[in-house]
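The structures considered in this document are given below.
The following pair of complexes shares a single chain, chain A, combined with chain B in the former and chain C in the latter.
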Partner chain A sequence: MVTPVAGRAATRRPVPAPAAADGAPPAAFLARTDLGRLLEALQADGRTVIGPSIADGAIAYEEIRTIDDLPIGWRDAQAPGRYSLSEAGDERVFDYTVGPTSWKRFTFPPRIPLSRAQRDGRRVAYTSVEPETKPLAFLGVRACELAALGVQDRVLQDGPAVDRDYEARRASALVIAVECAVAGATCFCTSMGTGPRVRAGSGFDLALSEVGDGFLVRVGSPAGSDLLERMPTRRATADEVMAAKAQVRAVAERIGDPVPTIGLRDRLVDRWDSPHWARIAERCLSCANCTLVCPTCFCTSVQQVSDLDGLVSTSERTWDSCFTVGFGKVAGGNFRSRPQDRYRQWLTHKFATWIDQFGSFGCVGCGRCITWCPVGIDVRAELAAIAPAAPEVAGTHAPEPVAASPDAYVTARIGSIHQETADVSTLRLVDVDPAFVAGRPGQFAMVARPAFPPAPVSISRYRPDGIDLTIRAAGPSTASLVGLGPGDELGLRGPLGVPWPLERAVGRDVIVVTGGIGLAPLRPLIHGLLADRLRFGRIRIFYGARTPADLLYGDELAAWAARADLEVGITVDRAGPDWTGRVGIVTQLFDEATWDGASAIAFVCGPERMMSATAETLGERGLTSDRIFLTFERHMECGIGLCGHCQMGRLFVCRDGPVFSLAEVRDVLGREGI
Partner chain B sequence: MGLPLVAVSAPAARPSRPRVGVVKFASCDGCQLSLLDLEEELLAVAQRFEIVEFPEASSIRSHGPYDVLLVEGAISTDDQAAEIVELRRQTRKLVTIGACASSGGIQALRNWTDHEATRAAVYPNPDWVASLATATPVAEHVTVDAELRGCPIDGGQLRELLAAMAIGRRPQIREESVCLECKRRGATCVAVAGGIACLGPVTQAGCGAICPAYGRGCYGCFGPREQANANGLADALVAAGRKGADVGRLFAGFTGWAEPFRSVVDRLGGTPGTPASQTTPGATPASAAHREDSR
Partner chain C sequence: MTAPLPGPAVQADDPALDWFGHDVPPATRARLAELAQLQRFAPGEVVFREGGESLEFGVVRSGRIALRVVVPERGAVTILTVEPGDVINWSALVPPHRSTSTGTALSDVEILAFDAAAFRGALRSDDALAAAVYPRVLRAVSRRLMATRLQLLDLFARTEDRSW
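Right, the complex of A and B next:
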């Protein structure tokens, strides 16, 4: 649906920004000349302000007493093993990326006393040391660093055991975030899903975006709101809001997606025995710099500091690292005796086993471990070498859609039409924007004709010169599309939505279960599997339709069935006169087959009731819910999570799906009225 | 190098204080002075240990046996080589203190030179000097029970060693790189931010990262850590554009005779008498071939 918003962005006259859709207050604007007021207000509240300041040739986090302590007009340049500063001489305050300090220095200090012990004759006494905290304000916390605080929160205070010192220090700190306006060469927050945008609800009290002569300010908490009320702000203009968005979007584009993270956990834990670990160990110095600059690493050791008689002692907790030789030592040996063991421990923890322990990656993509490695080991390159993403054909990441917003379309021309069944036709589109050709199996397009509402249609084939859309004439819109002829043009937006995670199938047996037109979104997936056939285990396709005449892609289906490296089971509800195959529902079909699902992955498309039954049967075969993928249908209008139509519980089908793992949708699958 | 630190305990039941001796060989006496530098704790130390031999502090000389002998200096003469064997026989726990005793010290640089030529160049009457061709760590001559590294040793580590000996526990001297101390104290990495060649990543901690904290690279006076990847660091420094001999010279310092620093010096040169910035033929990174494989 086209909404008349075009043109507003071009308005030159300052227009107050509209309130955000989620009811958040509109952004405020703080002039750069008033940044000192913010500092003074924090200090008046009794807070020590910690923020960026130049120290020893780097932008470190130190106490900020006046605005002059900030790195105004300075830029940093980073590369693996290299860091340098240069002066731009302008007024920009925050045009640098993260430096060697992380906020854990203040929430999780390098050395703290834990307890004191005394011995008097035969009696001993222990006293715990109370955390000594003072009110702090963190100024300049980046999106990746907010995420890092969240990661450490989960480790140190959200679990069953709480680190009291951390908890006290964390609670004492007000967080003023700053959205990145520049990208560092070692940044990869985009890949880790942590930045560069500072998202609402990510744990800040105030969030600043440096635009024009000051800062767009967003409020994230009541404390932030109180603070902002004391600032001489005005309401931000629409232009300023747009500029801030464009600025952070440009940063994301600069960074790109250096670490494909989809399936990374599985890929890494499959590579315990990779010969590459030993190759890294030739360069790795086990110096531990990566873990010490890491904002999430939390390993420590406790040392006893005693007097000469051992009568009075203090337990001191100090930052340690899994890279030190002694970290895995016990009497008689060392569990991780080789440097390669220790590198593997660190990397697999950050990118794989952390997920099992704490539900997220241990890495936030800040890039410190790359910049501050004295020999410049680049974790992005090592991950690619050890646990490469699946082949290009499988594609891990959806391309940037064209014409994503609901008001903008690109056009494509129908090259030919193939009638599949009585009411289903496949439109072969040509002159298609290249973004569509780069789409991934499982994605969809919003397809429109003037005067008709657009319809979401899954892409049923990717060709070098275009795409296929298989459409069932279910209503006036789709009927109008099916009724078109070669040479007719139509409007497209996309490709949209989360694709099938084909790369997760690498090395596994694959089960594809579908019925009727449900084969359409799975067809490119099957093409992807066949294009790289040797990378997958046994592939079984189970397909059902109401009647033989309702089977799609008849010739292709026959060709698949003829292949020796593909098992294809087909069933129909009602047989026709010429039908010699199976009759029955598709779940019966694959339920009878003999196979073990313990190492398999499944891709399912069909009505929800069918998917629900299928998922259950697959589960009985040993498939875990993170290896069963389903694609959902809902009323989709905008296709990008803005209109609200396709909401399914906590998910938008268009934006968060349409492909979901069973684990993600277990609570809503098969439930009426969601 | 890299001897394990073992608990050096006085027998608990012995009524008298443990007899402690401090002796020196080829060295500057700086490490012995670290004991005197304990100052306010010196009396407490003297109450718990009977210091029977300590030339820097007292002219009273004694003979063994010693419960603990702190040995400073490298073995540089025939007499010293004989004396350390005798001292070992009289000592329950022998602890080397400092870079000279633990790795040969700066004088071990002569191990790469022509001894006779050096003697002739330095002394007007070389025949009067009875020195060995090499200056070597104590551990090359006798069994060493524990070692304190550094040039000089760290007072805090000495204190910890004494406390551990007095109480009968293992001294808590951590195996880790200087980088850990550097990062804990919040110093900016001079290697990354300053482009300075720094041995911190491969050097045993204990100094508190003094040099990097003052903007200069670590010169490795605490010697190589356990499993130090000295070749990895040397290769990286060469790959960053430094001359092989310059990199070798960096390792050929106070602890250059200790492996694996010694192998880097053997491979890259940079020993005394070698001009700076001379690229030696052996300057090919040892692991270059493997790294090519990984690309």
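Right, the complex of A and C next:
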């Protein structure tokens, strides 16, 4: 389990690491022997440092007074229902994963006083208890735990109601993250998208990666920067930066993807009546261990603690658990009297209904509930049993692109050209590399002609013998492409990018909303839906263009509109008197409709402002952000996430998209200047 | 509006009232039905004319109407089409009671028409009716305003891209 990183040959002159692509300052390096200085600086600032320390046979989070309190040279071994420690005897400080405590013990303590009440004769008086906080520093917060703090932030302090005690405690803590160098056998942060990599902007002040004889240190906040300036650091070398990346990548590979989360929410809420709940309940002791070790569980109860004569009493808030028998009890009975009800409540909350309430999973994949379950119930296995991942729609996975790197192209020949509108043409390509024919709806190609820069173009049709590209002449490159004729050749790279998740539409109503040339990347999706028509519910296509003359694929649109199993709405922004179709914006085609989108899925492509208006209208129709998919346009040059041009916040459009769920891009959609 | 022959009486469960009067108390809906008159237009017929006095407030019952504005040298430009459930000639309720566009039937059209003066009088004297009608008219006008803003942005306009 130990993966120390081999030191590079000392004869090589260290190359300073370049600034990170996201504009963050370059990483610093802190020698392991100087870790004590960090501790001293935190203490000098008046902070109580909380970090990993051995207590009761496990690595728990305790006050760290000296470096010797840290479990230096110790390793943990975890499995469902099992935990043990062993001493490796080396200098590594953080080569273990998470133990039974989580940081919520300090941000959201198990027991706090809320208010005090006094009785004096017939008079009563209540006073609330102000949060008592002291400056803390959390040392050793893992990626999954940063995510857990984020989850609790959304629940407890991002409103509409705010937990004042949590808010005060959270604000008092400085967060020093540590990137995992080892994978625990119960970890599944990779599946939940929370780790093992500590991402920039995930809420740390400093982030450490243990490499060689010290720590690569990244800064995440001004407070972290101030602290780092007081440390005896040097600039990290490129080798150290690469070693840290390789180390965390190895952890991710080791964990794999044990919980396929695509569509998990919907799969789970479809299984309320699964017989498997009762089977789990045969093993579950309802002991509530899983909720106590969980870093995001937030349910509480308030208890009255009174003195003997009842004159003074305190309201105390304590952790509670949905696994306790009385949790769902009212005067008329108990809503969740059976263990199977309580297990279902917990699991569906973590992996499904939390999304509806707070916009993310309630689980961060830390694996504590697996390790600390006395009977070893493994949530990864139970999810697979209750809500197995849907069988894939044939060929859903994107193929390996050909000529992926920007220096290599394959050629293709133009079979024919069809002029769609005044400045848009569809090139029908033949003699195309088979990789393109195997591409998926929503993918794109980098298309080139000698002497012109390559342009990213959506693939607008897959044929057995080639592909179609629909191109608008917007600049010199694209103008040269639409100016070609049959028999001319061009250069291609691809197919690139993340495709539309067609498989998630199986069994659902489907809504396609598109504007202008945005129909091009959606056309193969519509072909995919129609090729397997019976696997989908109602299909509604809403298409808006500038004028009637700007509508693409006229014959095909007419054929779709004529089908009884397809609802097609077309509108234009303006028209002359000869147009008898609809005029107005595309959202007016469905904003007053009566259908319910609660179980539908939507695919949207168009100008960003149109997509944000569409997303809002779809939300009013009941679609959640994890079931609205959008495709983005940014300046793409390399197409594989290396050149940095298509950056959009924390995302590269070419590599991470161009198709995203609304949930992924909500923070950047419609924001100026991103 | 042009004045076709008086139409048949309108029932309180008329589909157009269903759309317009969704969630309206039964008594108010009955009052709306009393005030409404069914009118029919053939394709190409002008339902109301830009600048003309708004003699009737309407709710589309079936068909499609183009709202057009005349621009010198560009002729009549359709800026919006309205369909069943949509309000037409809301200017009948807002001074100076002049239509802001020309409404032309694009297909066979049925309208529930409310005589402007009588409708305004009823809204003045019947608070329950006013409380039901005005929010719906405001919503219709607001929806149209928001849509017009997006149209104004001309999102699909051609832009030059020098890189490609």
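Here is the rule we go by: the second predicted complex is superposed on the first by the 392 of 674 C-alpha atoms of A that agree within 3 Å, B and C clash if a C-alpha of one lies under 4 Å from a C-alpha of the other, contacts with A are read in each partner's own complex, and residues count from 1 in each chain.
Keep this in mind: contacts are C-beta pairs under 8 Å (C-beta built on N, C-alpha and C of every residue); 3 or more make two chains touch, one makes a residue touch a chain.
None of the values given here were measured: they were computed from a predicted structure.
A.B. asks: Is A:610 touching the first partner chain B, the second partner chain C, both, or neither of them?
C.D. replies: second
A.B. asks: Output check: A:588 vs chain B and chain C. Expected answer is one of first, second, both, neither. What do you get?
C.D. replies: second
A.B. asks: When the two structures are laid over each other on chain A, which of chain B and chain C touches more residues of chain A?
C.D. replies: Partner touching more chain A residues in the overlay: B.
A.B. asks: Could you look at A:545 and tell me whether it touches chain B, chain C, both or neither (first, second, both, neither)?
C.D. replies: In the superposition, A:545 touches chain C alone.
A.B. asks: Once the structures are superposed on A, label A:306 by its partner contacts, choosing first (chain B), second (chain C), both or neither.
C.D. replies: first
A.B. asks: Does chain B (first) or chain C (second) touch A:410, or do both, or does neither?
C.D. replies: neither
A.B. asks: Residues of chain A that sit at the chain B interface in one complex and at the chain C interface in the other, please.
C.D. replies: Common to the two interfaces on chain A: nothing.
A.B. asks: Show which residues of chain A lie in contact with chain C when the two form their complex.
C.D. replies: Residues 423, 453, 455-456, 472, 474-478, 515-516, 544-546, 550, 571, 573-577, 579-585, 587-588, 591-592, 606-607, 609-610, 613, 635 of chain A touch chain C in their complex.
A.B. asks: Which part of chain C faces chain A closely enough to touch in the complex?
C.D. replies: Listed in rising order, the residues are 19, 43, 64, 66-68, 75-81, 83, 85, 104, 106-107, 143, 147, 150-151, 153-164.
A.B. asks: Over in the complex, which chain A residues touch chain B? Could you list them?
C.D. replies: 55-58, 60, 81-84, 100-101, 105, 110-111, 276, 279-289, 292-293, 301, 303-304, 306-310, 318-321, 324-326, 339, 371-376, 385
A.B. asks: Give the list of chain B residues in touch with chain A in this complex.
C.D. replies: Where chain B meets chain A, its residues are 41, 44-45, 48, 162-163, 166-167, 169, 172, 174-177, 179-180, 183-195, 198, 200-202, 215, 225-229, 231-233, 235-236, 240, 287, 290-291, 293-294.
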